[in-house]
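Same chain, two partners: chain A is paired with chain B first, then with chain C.
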Partner chain A sequence: MKTFKIGGIHPPENKLSANKTIQVAPLPTQAIVMLGQCLGAPSTPVVEKGSEVKVGTLLAKSSGFVSANLHAPVSGKVVKIDEFIDASGYKKSAVVIDVEGDVWEDAIDRSTTLIKEIKASKEEIIKKIADAGIVGLGGATFPTHIKLTPPPGKTAEVLIINGVECEPYLTSDHQLMMEKGEEIVVGITILMKAIGVNRAIIGIENNKPDAIAHLRKIVAQYSGIEVCPLKVQYPQGGEKQLIDAIINRQVPSGTLPVEVGAVVQNIGTAFAVYEAVQKNKPLFERIITITGKSVKTPCNLLARIGTPFSQLIDFCGGLPNDTAKIVGGGPMMGKALVSVDVPMTKGSSGLLMIPEAEAQRQTIRNCIRCGKCVSACAMGIEPFLLMATSERAMWEEAESAHIMDCIECGSCMFVCPSNRPLLDYIRLGKAKVGAIIRSRK
Partner chain B sequence: MNVILITVLMLGLLGAVAAVILYFVAQKFKVFEDPRIDEVQEVLPAANCGGCGFAGCRAFAEACVKADTLDGLFCPVGGNEVMAQVAAAIGQEAVVADPKIAVVRCNGSCENRPHTNMYNGASSCAVAAALYGGETACSYGCLGLGDCEVACEFDALHMNPITGLPEIDEEKCTSCGACVKACPKLIIELRKKGPKSRRIFVSCVNKDKGAVAKKACDVACIGCGKCEKVCEFNAITIENNLAYIDPVKCRLCRKCVEVCPTGAIHELNFPPRKEKETIAPVNQEKAE
Partner chain C sequence: MSKFIVSPSPHIHSGNSVQKSMYGVIVALLPALAVSLVFFGLGALIITLTAILSCVIFEYVIQKYLLKGEPTILDGSAILTGLLLAFNVPSNLPIWMMVVGAAVAIGIAKMTFGGLGNNPFNPALAGRVFMLISFPVHMTSWPKPEILPLTYIDAVTGATPLGIMKEGLAKGDSLTNIMTQIPSFTDMLIGKMGGSLGEISAIALLIGFVYLLWKKIITWHIPVSVIGAVAIFTAILHGANPQAYAGPVFHIFTGGLLLGAIFMATDYVTSPMSKTGMLIYGTMIGVITILIRVFGAYPEGVSFAILIMNAFTPLINKYIKPKRYGEILK
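After this line comes the complex of A and B, so read on.
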């Protein structure tokens, strides 16, 4: 069984919501659409206070090269464009819409019929994807249309689809593969046409045998698409790890995957691409896993962007009494929320409620130089060294120790026997070193 | 006898040749160092704190000697006294600067600023600030994890465990600015020490709108503008819902302190107010 070669860990899977049918979450009474939802520049609003919007109306335009469009997830009236706290507690601009009914834009095809034939040309596909505001739905929220246009001089050979879902607890991609397999595969053919490759590989970890079997059956009708089962190992969903696992090529430090001829897209993104190109549907809703050991009914929800998390939690049986921490995303890479009132964004893949007993960090002890973090690191860097340099503000040393290669997967902190806050300091170091590198240009 | 003579002669000759070579090499590679650098270094406090902007006291001494004027060169730790000595040592005129002191512009103690969440990560303000807005609804205020206390080389800054805020020891603070650089929220400011150490400043950096700021913290500046109106010297400006008192223009009249509805403006080291003195005896009389 294939997997990546360096490092990796195997945290308890806890896929509590596996095989739970995707339910449609109720519409919020008020949707709060954050303007900065993708990696890069926040979008510029094109609506103003009092504008009437339908579901799918353009709310904000992409404001730079790395930026994406934003569409209304609900129909109703824009009540204000104001600052609102995001998941990290900082105030960011947001468009607030009071919901009235559920009127969709006429251009959106709401039927469930599968459209296999791709009419759009390569350029049209990329334009449609950019217009629909599609971003990487694995969590990094990098605008998809940029990924589909490789920098000049580089050519892609293979499209890799990430169906790994290596984060514990999360099941949204798994469930999407089971329910929307056909659409995903059509989405993959669209992506293949857009990039100009004739080979695509779907990587799925073998803890999801049903998804592997299901997609294998579907891809048999298509040429050039194959399913590659992978050994369960975290962080296999990392772009560079997945490329290593599937096609056995190593992306050099500081370069993009296209350097080795690969483009990686997430399962959720492939589905969103299908909907955008074949059904004219912009990205305004996504699948999110609501889970946690004390949650009454862990489930996979199809929810609109901008829905406050509190409403999604209520739908799944309310906030458990013993909750001490609520994490947006999975337990390994997710970030704790400062409030349940913050809204869902394009990058919200899950919502995890952690009970009191598991939420507290253990006492920090001294580093004993055991090297477990180095063995666990999937990027082959030395987390203990990066933490030490960051703690002492030795940014040059941190840079030469390849701090920017860190994918923030958290494996080092997971294995550290001294409970050292390795990733906390590495994140700080990455922010500082990143700023230094940008200032040189 | 002959052997001894030859040995002495040979060694003597060798020594003489080596001495000649060494003399010329020393002349060729001579490094001239201004003796005044040592003199200047002698009078500097030798704290090597970097408050002057140079790597250490030696680097500062070199810069002083090389510079044409002492403009812009100032040792905050030594102050005017040391700078006068430095000027004397290099034969230039001393630039007199107002002594400064660090002030903490946040009064969001646990009482004034209720917690809305709990931080459980690495105990460092820099790390916490990179992650999120903080444990309270005010994302501008003090995180209380003590990066400034660690940065202070003069034992002049300590976290008060009750309020969770840093407190500055006026006797020890040298205004080196290490805490200012360490604070990721830019709360600490170096301000003019003022006559008799008296100073007035806005103890808040919250730029939210008034209602939001007030909800997050009882003693936040709400940007109402009352202080700006009452100030006769145009010392107060309001930008982004936050008042700032210019220490140069401020004449320490304390009118702004009186009108501030939230008590965000602080006065330090002033004698008790006169009104209070007059009111107090009246009350006493009544009581009697």
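After this line comes the complex of A and C, so read on.
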């Protein structure tokens, strides 16, 4: 069984919401659409207070090379464009829409008929994807259309589809593969056409045998697409780890995956691409897992962007009393939220309620040099050393110890027997070293 | 609005802790302790309890009254140091010597450097070598194994297999002749031979090794490279001159080699952190051990070999780096 070669851990999977059918979350009464939802520049609003919008109406335009369009997830009236606390805990600009009915833009095809034939040309596909505001739905939220246009001189050979979902608890991709397998595979053929490759490989960890079997059956009707089962290991869903696992190539430090001929897209992204290209549907809703050990009914929900998390939690049985920490995303890389009023964004793959007993970090002790962080590191760097150099502000040493290679997967901190805040310090070091590197240019 | 804990990811932890690792190693040492209690009886019990108690008390007193900090004796590291220290001495050692050894191990080798995690040398081995140099007679007179003996200081003593060999070779005896005087291979496996308290039973130590691997407390790299280096080195010597040099089986199953390779060389704090580093470190320990045993003045060299390589650990950590992702393509 294939997997990546360096480091890795196996945290308890806790896939509480596995095999739970995707339910449609109720519409919010008010949608809060954050303007900065993707990696890169926040979008520029094209509506103003009082504008009437339909579901799918363009709300804000991409404002730079790395940026994406935003569409209204609900129909109604824009009541304000104001600052709002988002998942980062800081106030950011958002468009607030009071919901009236559920009127969709006419151009959107709301039927469930599967459209296999791809009429759009390569350029049209990329334009449609850009127009629809699609970003990487695995969590990084990098605008998809940019990834589809490799830098000059580089050619992609293979499209890798990330169906790994290696974060504990999360099941949204798994359930999507089970329910929308056909659409995903058509989405993959669209992406293949856009990139100009004739080979695609879907990587799925073998803790999802049903998804592997289901997609294998579907891809048998297509040429050039295969399913690659992978041994369960975190962080296999990391782009670099996935490429290593599937095509046995490693992306050189500081370069893009296309350097080794690979383009990686997430399962959810492939589905969004299908909807955008074949159904004219912009990205304004997604699948999100609402989960946690004390959550009454852990769910996979299809929810509109801009829905306050509190409403999704209520739908799944309400906020458990013992909740001490709420994480947007999975437990390894997700962000702790300051409140449940934070709205859903394009990158919201999950919402995890952590009970009190597991929410507190344990007492930090001396490093005992056990080397477990070194063994766990999926980038083959030395977390203990990076923390030590960052703690002492030794930025040059941190840089030469390859601190910028860190993908912040958290494996080092997960295994540390002394509960050392390795990743906290590495993040600090990355910020400092990154600034130093940029100032040299 | 309710308040939530906000901290950066990761939000879950493996539950691994210093205590779990330390108590895991202690559990892995229990089979060997049981064998010692059988063959060395009361002496083994007195020495083990003295060593553990002294180490824990010294650590507590130093942390509480000298360093004025929070004592961390419950993390199990002082208990482990005490146990390992006891394992490395003859079971008829006078109590006061054991206490002095514990004071050196904890006071000098561990706490002066800042406690657990900061000590450059394995505390138990530092204590043991201090005792070996300071009390050479007591540290090299081993009681003969009996079944549950109640003798302690006045136990009947005899030499270890390594001692018998060293002495015999020095007298000009042939190896074939010497080999008739040492315990049978079965006795070496179960531990019916002279030696330090915890080093005698190969089987018990190997059971501990399997437990440590199963609990993922250590990896195979250090023990296997130590034992492998000893096997290869002694096989070459034995092949070159079978009458002067004993073979791999003798060297692996006698003395403190297994105890050292499995439990002392693998000490987290004083061994390298990368797998390649561990292999280099282990190989060098094996080579130095045999150099001392065969060409040196002492019949046994495991402790010195490990301490010497402890000194090289920072250097190994600095120059031997783990294989980095994406490096191979450069």
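Basically, the second predicted complex is superposed on the first by the 441 of 441 C-alpha atoms of A that agree within 3 Å, B and C clash if a C-alpha of one lies under 4 Å from a C-alpha of the other, contacts with A are read in each partner's own complex, and residues count from 1 in each chain.
Here, a contact is a pair of C-beta atoms (placed from the backbone, for glycine too) under 8 Å apart; a residue touches a chain by one contact, two chains touch by 3 or more.
Since this is a predicted model, take the numbers as computed values, not measurements.
S.K.: Looking at chain A, which partner touches more of its residues: chain C or chain B?
M.R.: C
S.K.: Looking at A:Q360, would you say it contacts chain B, chain C, both, or neither? Reply first, second, both or neither.
M.R.: Both partners, chain B and chain C.
S.K.: Given the touch rule stated above, what does A:R427 touch, chain B (first), chain C (second), both, or neither?
M.R.: The answer is both, since A:R427 touches chain B and chain C.
S.K.: Thinking of the overlay built on chain A, is A:R199 touched by chain B (first), by chain C (second), by both, or by neither?
M.R.: neither
S.K.: Once chain A of both complexes is superposed, is A:P11 in touch with chain B (first), chain C (second), both, or neither?
M.R.: Second partner only, chain C.
S.K.: Between chain B (first) and chain C (second), which, if any, makes contact with A:K80: first, second, both or neither?
M.R.: Neither partner.
S.K.: Which of the two partners, first being chain B and second being chain C, lies in contact with A:S339: first, second, both, or neither?
M.R.: both
S.K.: Counting only touches as set out at the top, which of chain B and chain C does A:Y90 meet: first, second, both, neither?
M.R.: The answer is first: A:Y90 touches chain B but not chain C.
S.K.: Report, in rising order, the residues of chain A that make contact with chain B in one complex and with chain C in the other.
M.R.: Residues 89, 325, 335-336, 338-339, 359-361, 424, 427 of chain A touch both chain B and chain C.
S.K.: Under the definition above, what is the set of chain A residues touching chain C in their complex?
M.R.: Its residues touching chain C are 6, 9, 11-12, 89, 168, 240, 244, 249-253, 260, 319, 323-327, 329, 331-339, 341, 352, 354, 358-362, 365-372, 374-375, 377-382, 384, 402, 405, 408, 410-411, 413-419, 423-424, 427.
S.K.: Touching chain A in the complex: which residues of chain B?
M.R.: Interface residues on chain B, with respect to chain A: 116-117, 120-122, 124, 126-127, 130-134, 139, 208.
S.K.: Can you list the residues on chain A that touch chain B in the complex?
M.R.: 83, 85, 88-91, 325, 335-336, 338-339, 359-361, 364, 391, 421, 424-425, 427-428, 431
S.K.: Within their complex, state which residues of chain C touch chain A.
M.R.: 1-2, 4-14, 16-18, 20-21, 72, 75, 114-118, 219, 268-275, 278, 321-330
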